[in-house]
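Here is the structure we will look at.
Chain IDs A, B, C and D follow the sequence of writing; residue 1 opens each chain.
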Amino acid sequence: MTTSVGIVGFRGYSGAELIRILERHSHAEPVLMEHRSDSAAESLPRGSKGHKRIPCTPEAVASANLSAVFLATPPEVSMDLTPGILEAGAKVIDLSGAFRLGTAETYKYWYKTEHTQADLLKEAAYGLPEFCRDRIRDARLVSNPGCYPTAANLAIKPLVSRELIDRSAGIVCDGKSGVSGAGRKPSMKTSFCEVTENFSAYSLLDHRHVPEVLMNSGLNADEFSFVAQLIPIDRGILETIYFRGVEGLTAEIVVNTYEDFYKGEPFVRFYDPGVVPDLRTVQHTNFCDIGVKYDPATRRGVVVSVIDNLGKGAAGQAVQNMNLILGYPEQEGLL
Amino acid sequence: MTTSVGIVGFRGYSGAELIRILERHSHAEPVLMEHRSDSAAESLPRGSKGHKRIPCTPEAVASANLSAVFLATPPEVSMDLTPGILEAGAKVIDLSGAFRLGTAETYKYWYKTEHTQADLLKEAAYGLPEFCRDRIRDARLVSNPGCYPTAANLAIKPLVSRELIDRSAGIVCDGKSGVSGAGRKPSMKTSFCEVTENFSAYSLLDHRHVPEVLMNSGLNADEFSFVAQLIPIDRGILETIYFRGVEGLTAEIVVNTYEDFYKGEPFVRFYDPGVVPDLRTVQHTNFCDIGVKYDPATRRGVVVSVIDNLGKGAAGQAVQNMNLILGYPEQEGLL
Amino acid sequence: MTTSVGIVGFRGYSGAELIRILERHSHAEPVLMEHRSDSAAESLPRGSKGHKRIPCTPEAVASANLSAVFLATPPEVSMDLTPGILEAGAKVIDLSGAFRLGTAETYKYWYKTEHTQADLLKEAAYGLPEFCRDRIRDARLVSNPGCYPTAANLAIKPLVSRELIDRSAGIVCDGKSGVSGAGRKPSMKTSFCEVTENFSAYSLLDHRHVPEVLMNSGLNADEFSFVAQLIPIDRGILETIYFRGVEGLTAEIVVNTYEDFYKGEPFVRFYDPGVVPDLRTVQHTNFCDIGVKYDPATRRGVVVSVIDNLGKGAAGQAVQNMNLILGYPEQEGLL
Amino acid sequence: MTTSVGIVGFRGYSGAELIRILERHSHAEPVLMEHRSDSAAESLPRGSKGHKRIPCTPEAVASANLSAVFLATPPEVSMDLTPGILEAGAKVIDLSGAFRLGTAETYKYWYKTEHTQADLLKEAAYGLPEFCRDRIRDARLVSNPGCYPTAANLAIKPLVSRELIDRSAGIVCDGKSGVSGAGRKPSMKTSFCEVTENFSAYSLLDHRHVPEVLMNSGLNADEFSFVAQLIPIDRGILETIYFRGVEGLTAEIVVNTYEDFYKGEPFVRFYDPGVVPDLRTVQHTNFCDIGVKYDPATRRGVVVSVIDNLGKGAAGQAVQNMNLILGYPEQEGLL
């Protein structure tokens, strides 16, 4: 017995990844929702049947009997579409930043435009299951977290909440992402010849993902520095996180704390003290892998946290959230 | 009127870059010194005359009348070769780490082997012209700096010495390098399929380049955190440097301080406050480009410093040093 | 009810791909066979249980009750290991070139060494299911085809056997492969800095995969030109195949002929006339995708054939063969 | 004593390469001509003086006293601008395809639009100095060749005109180019995530560069097959050219014929029989390197021809042409 779930923005990288994941899902079947007349020529093998396509309207949602709809769209579009889809009886999992921040004011400050659905902000559940599983289960509207904050929060929150770090020194998070994180719309910044054999920093200290980290980790603005950078690869996020430890801290303590904090979590994994992951073990998965190096003599520590920006950073986590709100096993389709 | 200069290790990436630079130099002509019988098959166009080749012996140095010899070799080899070349009357510019640290003890601590030419350590000039120009001019033996420390020191020293930063928070330097920095010897870590579409950290907190930064910048070990990382590109280093500023600091003050500190320096360039460089402007050059972002409200600052690891990080700086010790214009061959 | 199958060479790229495919297989479970003491440090997340490991001996094969063993090893090693494994009661699927050519003489001519198991050559089934399905089903020893020949034969054989081409003009096959096709052993040719931003041809006209194409397609040596080339990517093979058509040929006829020739085949797909595939649709799959462009006015035609060199070109096809010899559904684990 | 030369389209890849080459030229100084209000934000180091900028008008050409103007623009723009610039007294070197084909009809057939300056077609000299040096010297308007045809013609013409090949079998030219050949305007086809780890064919058999090859080599349409393909790299073209040799041909004869045909040519180089070049030796140069493999037993031959698409394939050759029409040494700025 399967259910149908809609995807708006299925031609983008997150949308395409949602299709791939759902094709292996035992209970949910993707339905592609044509939002604009972006009739992109798609070369498919002859006879490919492909997936069902419907228009992106509340009526179509209702008549296709969709139980949930993924919005892999820009925030303005997500704000536009969400009320209608909810009224049509489907739950919404929004991959944009539209519903991540708590208030319309905060949204306006970071996204530079008015929030047009302020009343939905309160009911939106922040879709990081490791922190908010119960709220997600009961939500009509799940706001899928940003890619950088997912890798950052999973690594930082235990350090802060278990008081392993000296917050007076601040935490530095040096973020690097593959280019698919910038979306599929052609632009100079993501053109092949501009990116290949290059490496560049952007949104230094003022990336709109910053408030998601503060909100979840409990850090203050003057305690957290973040820079985003573009790796000349397709997919993957690696964050190098620097901190000063409290007296007596060791790498073993940090790793053990993580394991305790995430006991039973299927998608967060750790390494032996001193060993850190690269992108290979998480690409095309929903895992977040974390490793720690620490020097007790100087109390300087480093955590490396990696995810696939299209996996745990977007489509993978979105399906994890879908599993929660529709009552499927949380790992279905993701292992 | 030209002089001849030798290159040991000319088949490596730094060696090949030395050849390319010297081919445009008006006064120095490269002579290739065959160190081992590594008779690598080299496909060259028919009739290519190539450069003069001599054995790597003191006699050959003397009879070819070399005025200087570049050692683009591992530290053990550099220690072996240096005394003989000096005795044969040529100056030595060593691109390895053999003569960078002040004492045999420090060398042993970071390089894990005994130093076999401890008496040469004192006379070796550290080859960062922006800091040590006068000592270099008079030296017989110049120790060319490491690639990571070159980008780091040029960015950090003015911040420390002009007291723009709150050292109690520490300085974080997140380093990223192209693969050519690892040398040309084939290894699993630098195999194409291991590196492409990947990104990885190595030598977390204990990279052997760390003491070069402490030594030059005046920072203490517990004030400086460094992680090295591999970008899937051929060449280029980008370092993202995080600091907490003193009360009243602005990005303008930082940029102005840099410009004042490096007044007249031909190879260090700066950007308007808030603008940072990527690798494009420095690849295949001897420049170090530096940009600054600063948030006075939280006193968090970021400096981005970029070089070509084979340019200012190795061969380019080595030729700059050669120009100094042989009395040529410092920029010859490098613009 | 599952069976156990061994993998020798599981640290190589084909071996690792075998593990990944078998992890999704409903009936077969991978057992890793340690051939040499290549105790490569492998960083795995803490608590990863991994797969069963056994020594690479006939005794271990028997006592682990393996029903089949994959040899992802060089031909010399495959020749060494095969007799013992067969005697221990397991079937062998060899991914090397050891058993692909019909006679010991041909082997010696192309592989430049003596064949040490000549009597096994006759019983080895050539593992291209689309051509040899019945022989494979009954075989003890399957010789998995080369990557280039798989893409070439699937495209060329119908053209030749259905007499669509003017053989007097010859067929040109311009082959390009990702770097993983060269195996995982570090070498100068596959070093990152040598490959990135480069493109190079090798084994011009005399690649050892050529006889596999002649053998299967029925072309004579003077009718077939092949050049292998290295694309700076991890995985994927694209072959551009040029031919002169017979009088009256059209692209439609060619595509229809392909569809007829491969009716019911699950892993060969075609495109509308004039449309050709790139590598994206076949990477990480067991498909071979084929497209055709033809100009009736000049009778010049082009076929583009693409596979994943680690999929249909190696591990994918090997599992397809395993499914055949062990009696599982042919597509199991591969969709 | 230097002269000023204009560049229209200086923000594109060919335009930027023109600037780089001219910065090393002893006699010509680049002047940047602003064609549209494409006020691209350009981050330059503080205090960069940059080059003189003028509007793109005949008046500005005259008052800046430009002796030549490079048009690195689309064909429509080149047709628009050329008459005015010529009247203003400057020579024109056009890098587009506007003036490459002999007649307005041929142009319309291949470029799908009307030619608006048909009378200039007759006076335009085809700018391949190795074939048309004398005409170029006397021309007011030079039409710089396409990148693919440059590599193809230099390799093919000697084979055809010296009658080394059996034309009845046809010649196949399998072309591969770096992405910069597609220009700098962002598009889906040249987006990083679409290109990286991919390889794709386009314009099969009907690329608009084909008539340039036929025109120069003397081949008929049914004797020449060409496919263009995108390599995931920034710059470089490699063409693999297949032919059947006449009775008695050897690789030595082919290489010797080339050397004789191109005697004294500074920018065409050859390799020993059996050795072929990759892209490394020509990137960032104006060379075309050519190597040959031939099997006398089957009379099958392969030529590999490589250039930098921005060097000999565009900006390098354009400066070579400029040197000819302005009377400078042909190699000035190019070695």
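Here, a contact is a pair of C-beta atoms (placed from the backbone, for glycine too) under 8 Å apart; a residue touches a chain by one contact, two chains touch by 3 or more.
Keep in mind that what you see is a predicted model, and the values were worked out from it rather than measured.
Annotation: C-D is the more contact-rich of the chain pairs B-C and C-D, by number of C-beta pairs in contact.
Among the remaining chains, C is positioned farthest from chain B, on the basis of C-alpha centroids.
If you average the CA atoms of chain A and of chain C, the two centres end up 37 Å from each other.
Centre-to-centre, using mean CA coordinates, chain C is 39 Å away from chain D.
Annotation: 46 Å between the Cα-based centres of chain B and chain C. The set of chain D residues touching two or more other chains comprises 178, 196-197, 232-234. By the touch criterion stated above, chain B contacts chain D in their complex at residues 43-46, 196-197, 255, 259, 269-272, 275, 277, 281, 284, 287, 289. Residues of chain B that touch chain C in their complex: 13, 178-180, 184, 186-188, 190-197, 232-234.
Of all residues in chain A, only 168-170, 172, 174, 176, 178, 196-201, 204-206, 221-222, 225, 227, 229, 231-236, 238, 240, 242, 244, 276, 278-280, 283, 293, 295, 297-300, 302, 304 touch chain B in the complex they form.
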